[in-house]
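I'd like to ask you about the structure that follows.
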Amino acid sequence: MTLLSIRNLTVRLGRDALAPTILEEVSLDVMPGETLGLVGESGSGKSTLGMSVLRLTPPRLAEGTSGEILWDGRDILTMRGRDLRALRGAEISMILQDPMASLNPVFSIGSQLTEALRRAGRSDLMQAAEAALAEVRIPSPAERLRSYPHQMSGGMRQRVVSAIGLAQEPRLIICDEPTTALDATIQYQFLELLRALQGAHGMAMLFVTHDFGVVARICDRVAVMYAGRIVETGPVREIFSNPRHPYTRALLAAVPSTSTAPDRLPVIEGAPPSIGNRPGGCAFHPRCPMAGPDCQRQPPMERLAPRHEAACWRAREEAAA
Amino acid sequence: MTRLIMGRLAEALAALLLMSLAIFLLSRVTGDPVALLLGDGATAEDRDLLIAQLRLDRPLWEQYISFLGNALTGDFGQSVAAGRRDALELVLDRLPASLSLAGVALGFTLVTGIAMGVLAAITRGSAVDLLVRIVALLGQSVPAFWLGIVLIYIVAVQWGWLPTSGYGTTAHYILPALTMGTFTLAAVTRLVRASMLDALGSEYIKLARIKGLPEATVILKHALSNSLIPVVTFMGAFFATMITGAVVVETVFAWPGIGRLAYESIVSRDFPVIQTVVLVITASFILANFCVDMLYLAIDPRMRDRG
Amino acid sequence: MNAILSTHALGRTFRTRGGPLHALSDVSIDCMPRHSLGVVGESGCGKTTLNRLILMLDTPTEGEVRFKGKPLRMLSVAERRAYRRAVQPVFQNPYSSLNPRLRVRRIIREPLAANTDLSGPQIDARVDEVLEAVGLTARDANRLPAEFSGGQRQRIAIARALASKPELMLLDEPVSSQDISIRAQILNVLTELRDEYGLATLFVSHDLATVRFMCDEVVVIYLGRIVEHGPANLICTAPRHPYTQALLAATLPADPDAPAMAVPPEGEIPSPLAPPPGCAYHTRCPFAREICRSVRPRAEADEAGGAVACHMVNQGGW
Amino acid sequence: MQNVTFRAALVLLALFVLTAVFGPYLVEHDPLKGSLRARLEPPLWAGGTSEHLLGTDRLGRDMLARIVSGARISLTVCVVVIAIAGSIGTALGMLSGYVGGWLDRVLMRLVDLALSLPVILLALLVGAVSGPSFGNIVLVISLVLWSQYARMARGETLRVKNEDYVDLARTSGLGHVRIIARHILPNIAPALIVVATLQVGVVIVLEASLSFLGVGVPPPNPSWGSMVADGRSYVVTAWWVSLFPGIAILLVVMAVNIVGDALTDRINPALRGRTA
Amino acid sequence: MQDHGFIRGSLAALAACAVALPVMAQSEDDTLVVALPTFSEQTMTPWGGSGQRKTYLDTVYEYLVYLDAEGNTEPGLAESWTVENDGTRWTFTLREGVPFSDESCGTVTAEDVKYSIERLIAEDSRAGPASTMRRIIDTVETPDERTVVVNLSAPDFLLDAGYFGEAQQLGIVCKSYSESQGEAVDSAPPVGTGAYVLESLVDGSEINMVRRDGDHWRVDPQWERISFRAVPEEATRVAMLRAGEADIAPVNFDSIAGLEEAGIRIVSAEKTWSPVIRLGGVVQSDPERFNAELPWADKRVRQAMNYAIDKQTIIDELFAGQGTVASGDTPVAAWDSVPPYPYDPDKARDLLAEAGYADGFDMVLKTFTTTPGAELPLMAEAAALYLAEVGINATIEPTDWPSVRSEWTGGGKLDFAMTHRGFPFPNPENGVEAGFSERSLFASFTSDELEAKLASLAAETDRAERREKLTDIGQYIRDEAGAIFMVLANEPYGVGADVSDWSIDTSYVYNFDRAGKAQ
């Protein structure tokens, strides 16, 4: 059974039906214990999708949100205050992108951690907090409880945020580009930690990123987004070895690698469309080398292989051949 | 940390010295007090007599050195007008009235200002937000004496709820403190609203909501605690506007404070009292700024390491 | 054929409240004409300090920077102007590189008006030429930075650097804040310009993959010191210093089946205020031994022209 | 909601400036001449005559004419104070932000001291020294208000100084003066304009308090502040003498603050409220 | 000595605050509340400051001679007194058994009176008339307990009604108490023979007097307490009257209409001060101070300025009719017969043309406020309006009394005019001397002829003859237009309903201890 099921989620810039859209008819399922990657360039709407699950989008976007986000059969979008608060932290938690800003500068690490633990009904707060910090491999946790965010490095702070996220044993953690602000080696160590924590706690993860290396490292399945739509989803190996959608292929090719040094990187002409002016039909067609007249019409999401779907007329033709 | 404190004390003394010199010269240049003290039918001999008596015939720098010397021993000279009463004693008699009024006014401004600022931030863009800002602006655009007099006529005369003026019971504090505080109210409201908006838009507020904390805790504990920091930094400036307003408010409400004493001593060219009261006012500013710095260190952990 | 630009045992120590901060120490690199050198390191390794010293925005506390063999502080006024023409920087953040209140034409004119004797019309012609070279049009010269996307702004910054026909382009993380598709476009523009104008480049980055694409030779810096130096292909396929290995493995390839790192680095990057004694990497190095904790390893050259500062490597492994 | 009030505020400000510049020519009464017989006449709708729409003051001078010419004087006080305080404050603030080090510390201590200056006492002393005059008021108010510009200019200069385009300019060999003129000043100007707009209100109200203590703009030429001060003992019997200039001050200060806040949001939201 | 004073002073002040608080709280009907513009120096001795302190001091100190409504003398602490030797020897016989408020002082004796006189005219005395009295009083003898003989160095036939009368500052103190206080006597509670004694004092805010026990020989005080409040802002004093928080308070002329509407009655002290515009630099008899180039050095210009101003309208409008057009600068009975200048702008223009100023001239008119004298700046602006009609362009220069006074008494050639509240001396001769005698630093107009007239007045010993000469001087100054004489004004006080009857006859005689209480 699915843990989280997003159906036809559309987010507009305000209540008006003609307002520019950030997300268009996004449907996505997350299985228990699974790590689903959400990858795309800036402006693709991947962060907004992450935020929408916990209804943390700014008021103007919240007004323009339609569709369903089902959790244990209940639609998060129609939940009211108390139920929503019961869901946040206990059922679904989040790790944000900027470790420098995620922690409140005027409260100690201990107080911000025990705040979450208290909600989880833990009585032995100090010990629980110390244990939580130890689990995320922070040296001398007892002292660290008393220190303040500005006295810690980015990597250490992100681990504290993870401890806070896990404090209430949520069944799903949404990670919104948690390692983008970290150095490579620190990112590597953090991803290792996340995998270990997932092994221990068994929670599912929705991992938003723009870095295919991170996706390869940590995700079981991945959904590629472009201009507010999901263009392709599938198991990680399937997507990397046999990408079906032209955009996914072009993206994978454009990433420089340490193993080879071509003279020129294959390039996708033009730039990703900004929210205001998205072309009709398949949003990628102006930049797509294989675009045809039928691309003026929006291609539906088609199953092209076991658990591997893509929304592209050309991809359907290739699959059929 | 102690280096910061010592640094500040040194700067405070320098400021005090600078101010005392400026006031000493300024008050001397404003025409000598002798003319004022001469009886109506006085003649030239009477004038020379008085000058000698007040030791005003010695060169200016000598007078300043002797003034400074005495000041260090607490003797700020005697009031030329008010029957040779000790200037410092005269000022210290009036100080509690001014400090208590300024304190109450600052309290009122901070409490109301913070409440209005938070309210405006939470209801951003709505009619409430606009209303709050307009009410705060009203405070800033009305001269204190006019507001004071209008309040006296409406509240004290027409409704008779409060005494029109005078000093003594707590009822006497309400109108003067209200008048004195309204001007700074706009500044506090605007500042709190701005820093609240910054705080509410921050990542750590998102994280607080992610923890599932009730909205009240998110706003009052997490957001407000951060947005009070800029208010503290401006506290020194608010205290300054308070004392500046005191001269006007104490005159309108017949409040026996040092603001009015300063005004009256300047009008009557009572040098020793002018110097003393201005020095006491400056000293209280510097003390206030010093306390603000210490308060700032207390509530913002980031500052502690930098100190 | 001597180097356009070279640094000799370059070092910079800052006096801070918390004690001396050794941002850079004993760094010697050479930028040969038409050659591209990559400098790789994580944050706090001293890359930015190196750039500022080269661009005369800061003065070294040890060693020196030489322009065609002559120390910068000895340059005459004319030589200094020549240096400002020959070495041109491109910074990381396109939104901060362009003055929002100046039109593109005046932005690009600035280095020309300051360091060349070109007349007005000549300068305008050069502006149009370089705009075309980076894939923009002469019409863009009259617009304000606000009217361009991130990618286009970076192209304008590159055009500005290109305008005085430099010999060496100093690229400080020029693409790390861009999306994948824009990054590819800019990297291609840089390589085309390099070949077309015969430029040397000093490419500073934290990402080994981008450096591999752009550079012939790579220098790896950790906590202000060079730990390994060598041809880009060797560094990226057979790194010898443990830190370079860690850095290479941490540069996650877009391949799910890539082997995980044998022994990942532990702990935090130490603070430059208190660099560990001996080999600075020993606190995180899985192979660290007593000698690493006490003696600072010397960078010994090897046959392929590279060098490694690591006791284990110098002693043929243990 | 926001831009309706913003536009209204802009219209009000324009009205204020137009009245100040052209007003005196449009009004037939001489603001300085009055007839004692027509003293303290109420406005038209409260039993007055059409001769004096807004009634007359305690010397029988036409209120409308005085408010109009008062607008010019109040505006002039504001403009001159903002010019003096603005230029000194900006120069010192930029210098302190750009050079930094001990100069920065000294200047900022000076700013704190200026902020804590009891401006009214100072005005009284200066007023007593050489008699209240236009020059004195402007000088004293500027002496205190320059510190707000200095504080803002310093903060903004620190922000702009760290931008890459300043480093780029320095690598091109531009001198400090050219860098300040071409790169720093244009980019900190908007924030200073906001401080200037917000200070119009402070100046007008401060001038009113000085008039109350007898060291404001010298009679007979009227500033709004002195008109409110003169009318204070008729608050009950001749309410219009101080009410109309009071309302004029109210409207201008409100308009100025609304415009100021709106500009802040448009230029640099981080500045919001910092111009306390 | 210094510390001692400091500690005692602050203790006294604190005690006073504590005491004042409860009193303040129950300030209902049994306290007469008087709101004053200022406590002035707020010192407690007759010689400690100006006459403005008589508002509260006259409820404690008493005088040798009192004045009735018409200004004639009545026995006070002096039962009877005689003047011989051409007005240079006065003998006062004291009333018997008048007790001081402090028992240790016993009753008033000649020694007390002698001590009071000597302290008042001492060099460090701050009393208004101290310097002039010091010049005319030679010696004071006390032949016995109840007799005081005062020898003058110059004749003064009005010593009883003047300097020794209740309108001046010779309050009789207890010698032993005053000497025991030493230097701190100025701030120590006052000990006098009056009906009230100081109960509490809040510095700068309140001075509360409480009625002494037993009957008083002179007055029958109706009120248990009289509470004086320092309320500088006139609008606040008017508000206190309307709110019933103050029973008596001096008010501006413009507030009179509003107060009467609100049922507050106005009691006015008749002709107590005379607002005047003094023209500087016309001290013709002293070459150092005579500025001949000034337009108003010419008599015709001075007269023109007097004709040009419609003084009656100014009185009706700015002084709410509370006053009469003045022909001199001091309210002196002897000058009542001197006719004021009528309002005749045409004549003014003719005179100006005659004097060669057909198209007028510029002048500076300095103005400031005093107590009384809140209306002086207003009067200056009104006068400027009228002067402008005849081409005289008067620039108003607001300043304050201390700086003008130091310029005016500086002794140089003055070139500006100033508004002034006139010299309210009950003894007319002193008033004339201050304004028009060359010897006075404050002289604004003198001439050799006037000096001669003053000398002959001073030498005149016959009372009727002196009055004759005084009127002649008044007429001369009027004809010479020695200043722009404006108004003989009253001093309006608002009086609440709780006060039954209270009158104020001459300047500086406040009778608060005689105020009646309505049932």
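Note that the chains take the letters A, B, C, D and E in the order they are written out, and that residue 1 is the start of every chain.
Keep in mind that, in the parts below, a residue touches a chain if its C-beta (ideal position, glycine included) is under 8 Å from a C-beta of that chain, and two chains touch if they have at least 3 such contacts.
As the structure is a computational prediction, the values presented were derived from the model and not from experiment.
Common neighbours of subunit B and subunit D under the contact definition above: E.
Separation of subunit C from subunit D in touch steps, taking the shortest path, is 1.
Set side by side, A-C and B-E show the greater C-beta contact count at B-E. Set against the C-alpha centre of subunit C, every other chain centre is closer than that of E. Between subunit C and subunit E the centroid-to-centroid distance comes to 89 Å (mean Cα coordinates, whole Å). Note on chain placement: the centre of subunit B and the centre of subunit C lie 55 Å apart, centres being C-alpha means. Subunit D and subunit E have CA centres that are 43 Å apart. Touching of two or more other chains is recorded for no residue of subunit A.
Among the residues of subunit D, those touching two or more other chains are numbered 128, 232, 235-236.
Remark: the chains found to touch one another pair up as A-B, A-C, B-D, B-E, C-D, D-E.
Across the complex, subunit B is touched by residues 54, 56, 81, 85-90, 93-94, 96-98, 101-108, 115-116, 119, 148, 150-151, 161, 164-165, 168 of subunit A. Interface of subunit C with subunit D (complex): residues 52, 55-57, 80-81, 84, 89, 91-93, 96-102, 107, 110-111, 114-115, 160. On the subunit B side of its complex with subunit D, the touching residues are 11, 15, 18, 23, 26-27, 29-31, 125-127, 130, 133-134, 137-138, 140-146, 149-150, 153, 183, 186-188, 190-195, 197-198, 230, 234, 236-237, 239-240, 243-245, 247-248, 251, 262-263, 266-267, 269, 274, 278, 281-282, 285-286, 288-289.
Put simply, subunit D touches subunit B in their complex at residues 1-2, 5, 109, 112-113, 115-121, 124-126, 128-129, 201-202, 204-205, 208-209, 212-213, 225, 228-229, 232, 235-236, 242, 246, 249-250, 252-254, 257-258, 261, 270, 272-274, 276. Across the complex, subunit C is touched by residues 41-42, 139, 153, 155-156, 183-189, 192, 210-217, 236-237, 240, 250-252, 254-259, 261-268, 271-272 of subunit A.
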